[in-house]
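Heads up, the next two complexes both have chain A, just with different partners, chain B and then chain C.
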Partner chain A sequence: MAKVDWPAADKRSLIGKHISRTDGPVKATGAAKYSYDINRPGMLWAKVVTSPHAHAEVVSIDTTAAAAIPGVEAVWHDETLKEVVYVGHIVAAVAARTEEIAQEAIRQVKVQYKVLPHQVVDNNPSLAAGNPAERKAGNVEEALSKADVVVSGEYGIPVITHCCLEAHGEVNEVKGDEMLVWPSTQAVSGYGNQNLAQGGGVAQNKIRVDCQHMGGGFGSKFNFELAPGAKPIAAILSKKTGKPVKLMLDRDLELAIAGNRPSAFAKIKVGASKDGTVTAFDAETWSTGGQGGAFNSGIMPYPLTKVPNVRIIGKRIITNRGGQRAWRAPNHPQACLLTMSALADTAAQLKMDELEFFLHNAALTDRPEVYREELRIAADMLGYKAKAHLRGDPKAGAGPVKRGIGIAIHTWGGLGHNSECDVTISGDGSVEAKIGTQDLGVGTRTCIAQVVGETLGLSLDGVKVEIGKNSPYPPSNGSGGSTTIGGISVSSRKAATDALNALLAVVAPKMGVAADALEAAEGKIRQIEKPHVAMSWNEACALLGKEQITKRGVNVPAESRTAKLIDANVGGVQMADVSVDIETGVVTLNEMVAVQDCGLIVNMKLCESQVYGALIMGVAYGLYEECIYDAKTGRMVNADMEFYRLAGLKDVGKLKVHLMTGPAYESRGIIGIGEPPAISPGAALSNAVANACGVRVPNLPLTPDRVIAALQKGGIA
Partner chain B sequence: MKAFEYATPSTLDEATAQLASSWGETEVLAGGTDLVTALKQEITSPKRVVSLKNISALKGIKASANSVNVGAMTTLAELAADKAIKEHFPSLVTAVHNIGSQQIISVGTVGGDLCQRPRCWYFRNGYGILAKQGDASLVPDGDNRYHAIFGNDGPAKFVSASSLGPALIALGASIKVAGPKRKTRTVPAGEFFRAPKADNERETVLLPNEIVTDIQIPIRGLKNATYEVRHRFGLDWPYVAAAVAFQNKGGTVSDVRVVLGHVAPAPWASSGAAKALDGAKVDDVSAAKAGQAATQGAKPLSGNGYKVQMVRTAVKRAILAAAGAA
Partner chain C sequence: MTDNNVTSGVSRRGFLKGLGVGTVATGLIPSVAPETEAAEQRPALRGPGEIPITLKINGQNRQLNVEPRVTLLDALRNRLDLTGAKKVCDRGTCGACTVMVDGQPVYSCSMLAVEAEGRMITTVEGLGTPTQMTAVQKAFVKHDAQQCGFCTPGFVMACTAFLSSHPNPTLEEARAGLGGNLCRCGTYAGIMEAVLEAAKKGGA
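And now, the complex of A and B:
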């Protein structure tokens, strides 16, 4: 009997290897179809009408003129909407024969507003509302009063947005009692929810979702809502017209309304003893997530869970900004920036080497030895010893360009989610794996083929993988929380193992041995003890005749964790080496290293790519990104790709990735990688800038204006 | 974008005849890298767009012993690759390369660079070139981090977006303009840009039915360079730009021009910086002095005081680069 346990390192043919994603060629050639590329016969184009006011009562909506335009087939407005609470709030939509007609029609929808006062400022704690969240441990006041050193600082990280390359949206086709929908989503099996069904007037089990490729979600694409709370507009318009409808957000709306990562600002006091041990952490934080939600500062001091004396007060500022959505490791990048800044400032105050400080305080984390090992590896990769200096040290550079290194550490869960997979083996030797999961561009498709191929002793192209559709594909959870790789790997492993065992039961009598004596390897079914006694895969499958073997594998997370197929909780260390031009305030990233553990790695190349991508995303929010709101008009003034800056290839410096391998890590099973490496970059960059130029630039992003302001305040520029 | 009539004249006469005599009724299309965005943003919705792509007279670069003549429809890539430009006007080459986007450099034109509209986010969000809500400018109390620190006491607070303007002014270029009925005029580059005083005015001295035809740059042996303070290496706008040009003979400099970009509604000629450098030997000290002088008269708004420091640095570094000392 083939077993479900992951094969030992010397037995792996596909798992753990550097393998390019199987859908690379169709993406590179443009053959891959994204939601925007889907065009259905007779399809209509939809556009949304949005509020120009940050806060207003909706007095009336007159759609007569819009509906009268030739080519306009349906106009919808939200009859339940009495109040708009941010600029860009969707109030109505039209569907027309061309995009141009739709664009013209939304101009003709007359909405009367009664403008109400608005509030978009989020960096002033006196604007906080409601009772703050509070978390206490030990006695922080006493510990601070007894500490050898107390360091106070204010830090902040602004609201940013996901900026998915592919905007939110879908093509929706309500056809009789069925709904066909081609969305850009992170949750293929969960997309067809009750609200969507209701919008299209179909039964929930009649929704057919198809998402083969998608261009980024990062936590913002779990359902049909173009903006948090938005109605199923494309479904409504398709139902109304009886025609397929394409509705995708334009770039400006994508940036302004499709979801925000909450800001986080804090006043922090750290108490430490002379040897660097952190004894107390006292923080007051404030944040906005728009109308609801905000940064959860309860996870600070992050990830130093064992600091004995802690007080965290978390305040929330309600703003007339677009709503919040999960952003790659919700709360963690903010908690990391705030905590790591305060810790590095403490090390600087103690005149203690930052690496020594973190090695020492790793004792206060849940996994001290992992962090220490990773810190040492990262230091070696960066050449830390030769480059490091204390903050304000002349070693930073004699001219206007100062160089420095910053460190940050992070953690994340990443336990594989609920997932089911069907593997079918046919008489002609073909193998098919079906899962109602999605590939966010990370290589999920490839990893399924690897796991099934590994299990059946086949090469990657011997396995056909079908994903991106809900029913009748077996259900698999949405891709959030770095849970997909664990989920799909176990479900596909189990399905393939069961299917193989069924095949071995058929083959064994023909080979004159018990099924237990057989294994699948190198495209053959062979005797374990006498590998030269073998039957080719195709010969073996031919014994099935017209029969097929289909087996379903199910991942039950807790059981799989006990069985060490998957696990949760990872540690990561990142170090940044930057140059700061103190005459211009310009920060340049020279090099960044990331050291990360994530259990057993399914695909080394794709796993590394995840980390590279996270670093690039992190450099973007560390150096460039922020949603800039104008207080008076309440508008996000940089809802474009011009002043909502992302990092380009030339901006990201040299990136180096090291993934922890070996029995101690691999025996834990598979753990997700998507989120953890996106947590530390901002903090590592901020600490590096402080180390380089001698002063803390308190707020991200580390733009020249902020650097100059900090230098001038510090008396340096 | 609203529907418009699209005209593709093949001569200048036809083109100017198709242009209206008031702004906004018609627009001129060159490379389109700015106009197409503006049409999509509906900050202009003309009845007719007049494309210049078929007018061969507007293309090409001609060099003589005394000057280089650049047709307005010359692309930025062609300008930066031209032998005479590279030999005599490195400040222009740097300005082009700094745009950072190969797509814009390949498609954008010299005339288009001079006539592009400002990037002020209030303007781009529909509040007009003077960024007004009601009668008041949104800029002084709003987010003005990218706005003007010079010349901002009038109604215009934005910064000129032209990449080539500062260098062309420093080099003493002149801009040839054609209007209806073959009327032409020549405008010194230093007089081409202006700060509008009303919403229906534009940022240059062009009349609504005039077209930039070519730019004449004198060859006078000036040392010249552009330095931009930029954060991103790819497509991005500089925070501050400085273009300088001067004679550097016998160890001292003369005929100095220092022109700043992205600090005022029009490229900002700093006579103070020029005076500070005039007659000096170029070194770190004299360049820094000129940089300091360039900041005289700056009136930062609430959020752009950092630009003063950048002006100081950009001018110093441009001078050192021009003298080959950087």
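And now, the complex of A and C:
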């Protein structure tokens, strides 16, 4: 009987290898159809009407002029909406024959508002509402009073947005009692929820979701809502018109309303002993997530879970801004920036080398040995010893350009999620794996093909993978929390193993041995003891005749964890080497290294891509990204891609990635990778800038104006 | 009909060039002729309302009806179902919509369809196919220069055009030459490797 356990390193033919993504060619040639690319016969274009006010009562909505425009086929407005609470709040929508007509028509929808006072400021704790969250351990006041050194600081990280290159939206086609929907989503099996069904007037089990390719989600695309809480507008308009409707957000709305990562600001006091041991951590934090939830600071001091004396007070500021959504490793990048800044400032005050300080305090984390090993590897990769210096040391550089190194460490869960998979083996030797999962860019299809191919002893092309659809495809959870590769690898491994065992039972009598004595490898079914006694895969499958074998594999996360197929909790270390021009305030990233553990790696190439991508995303939010709001008008003033700046090719410097491998890591099973490496970059950059120019630039992003202001305050420029 | 006839006399879509804050598209030509040219010859007004035009795309003449305000990108995507070029920023910042016009890379969101009449348009669909990729496309796959892949067709076009004018680029030239395209998933490490390898193999 073939077993479900992962094969040992010397037995792996596909798992763990550098393999190109199987859907690379369709993407590189433009043949891949994303939701935005779906054009249905007779399709209408929809656009939304949004509030120009940050806070207002909706007095009346008059859609007659819009409806009268030739080519406009339907106008909808939200009758339940009495109040708008941010600029960009959706109030109405139109569907028209062309995108241009729809664009014109939304300008003709007349909405009367009674403007109300608004509030968009989030960096002032006195604006907080409600009871703050509180977490306490030990006695922080006493510990601070006894500490050899107490270091105080204020730090912050603004609201940023996902800026998925493919906007939020879908093509929706209500056809009789059925709804066909092509969404850009990170949750195909869960997308067709009750609200969507109601919008299109169909039963929930009549929703057919199809998302073969999607252009980025990062936590913001779990459902049909264009903005948190929005109505199923495309479905409503399709139901009204009886025609397919495409509704994708325009870029300005995509940036302003489709998802926001809550800001996080903090006043922090760290108590430490002379040898650098952190003994106390006292923080007051404040944050906004718009009207919704805010940053959860309860995970601080991050990831130093064993600091004995802790007080964390978390305040929430309600603002008239777009609502928050999960953003790659929710809460962690903020907690990391705030904690790592305070810790590096403590090391600087103690005149202690930052690497020594982190090596020493690794004892206060849940994974001391992992962090120590990773810190040493990262230091070697960066040439730390030769470059490092204490903050304010002349070694930073004699001229106006100062150089420095910063360190940050992080952790994440990443336990594989609930997932089911069907694997079918047919008499002609073909193999098909079906899962109601999605590919956000991780390479889900490729990983499924690898696992099934490995299990059946086939090459990658021997396995056809079907994903991107909901029921009747076996259900698989949404891609959040770095849970997908763990989930789909186990469900596909189990399905393939069961299917193989059923095949071996058919083949065994023909080969005159017990099924137990057979294995699948190198395109053959062969005897384990006498590998030269073999039957080709196709010959073996031909014994099935017209029959097919279909087996369903189910990942039950807790059981799979016990069986060491998957696991949770990883550690990662990042170091940044930057140059800061103290005359202009410009920060240049010279080099950045990431060392990451993630258990058993399914595809080395794709896994490395995730880490590189996370670093680059981190460089962007560390150096450039911020949703800038104007307090007076309540508007996001940089809702475009010129002023909401992402990192470009020239901005990222030299990047190096090292993934931890070897039996100690691999024996844990698969652990998710998408999120953890996106956590540390901002903190590592901030610490590097502080190390270079001798003062802390308290708030991200590290833009020239912030750098100059910090230098002036520090008396340096 | 000459170029001048079609490029002038239409109300231009007010698009902004990069204001120096975003990455600068050094490899790109301005997609609109200077205003002075338009002033010299004033042909008959076309539009408003849809007008028939012919676009030469990937070697084929395609006839379609568009309003003069329709961008080349929207004409390709919405009228001709050529969806390889993507709409992301829709204002000349990100490069996802890059196509070639007369051999030069152009942000198709920032050119009107009527302006492209009589010119040679190449879209990503006119390069390789999944089973017959160009050197650039192969290098993108090999070096995993794509994650979600939404930026990829634009990068492939920009890269193809860049290599035809810079067959042996240095790393710095490549970074600058492709600086007019953005990727959110962060595939730049793979893209740099892909460009350099494709250059060695003789570009497109």
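The rule we apply is simple: the second predicted complex is superposed on the first by the 717 of 717 C-alpha atoms of A that agree within 3 Å, B and C clash if a C-alpha of one lies under 4 Å from a C-alpha of the other, contacts with A are read in each partner's own complex, and residues count from 1 in each chain.
Just so it is clear, a contact is a pair of C-beta atoms (placed from the backbone, for glycine too) under 8 Å apart; a residue touches a chain by one contact, two chains touch by 3 or more.
In this text, all values refer to a predicted model and were calculated from it rather than measured experimentally.
When the two structures are aligned on the shared chain, A:P25 is found in touch with chain C, with no touch to chain B. Of the two partner chains placed by superposition, A:N193 touches none, neither chain B nor chain C. In the overlay built on the shared chain, the residue A:K605 is in contact with chain C alone; chain B does not reach it. By the touch criterion defined above, A:Q119 reaches neither chain B nor chain C.
In the superposition on chain A, contact of A:L615 is made with chain C only, not with chain B. By the touch criterion stated above, A:N418 is placed in contact with neither chain B nor chain C. Touched residues of chain A, counted separately for chain B and chain C, are more numerous for C. By the touch criterion defined above, A:D640 reaches both chain B and chain C.
Judged by the touch definition given at the top, the superposed model places A:E100 against both chain B and chain C.
In the superposition on chain A, A:L649 contacts both chain B and chain C.
Residues 100, 640, 642-643, 645, 647-651 of chain A are contacted both by chain B in one complex and by chain C in the other. Remark: chain A residues 20-21, 23-34, 36-37, 39, 45, 98-100, 163-167, 213-216, 218, 250-251, 440-442, 605-606, 608-610, 612-617, 640-643, 645-652, 655 touch chain C in the complex. Chain C contributes residues 16, 18-19, 21-23, 67, 69-70, 74, 77-78, 81, 83-91, 93-94, 96, 123-125, 127-131, 133, 137-138, 140-142, 144, 146-153, 156, 174-176, 178-179, 181-192 to its touches with chain A in the complex.
Those residues of chain B whose C-beta lies close enough to touch chain A in the complex are 1-3, 100, 119, 121-122, 124-125, 127, 133, 138, 141-143, 145-146, 229-237, 239, 303-306, 309-310, 312-314. Taken in their complex, chain A has these residues touching chain B: 100, 103-104, 400, 583-587, 623-624, 628-633, 635, 637-638, 640, 642-643, 645, 647-651, 703-705, 708-709, 712, 717.
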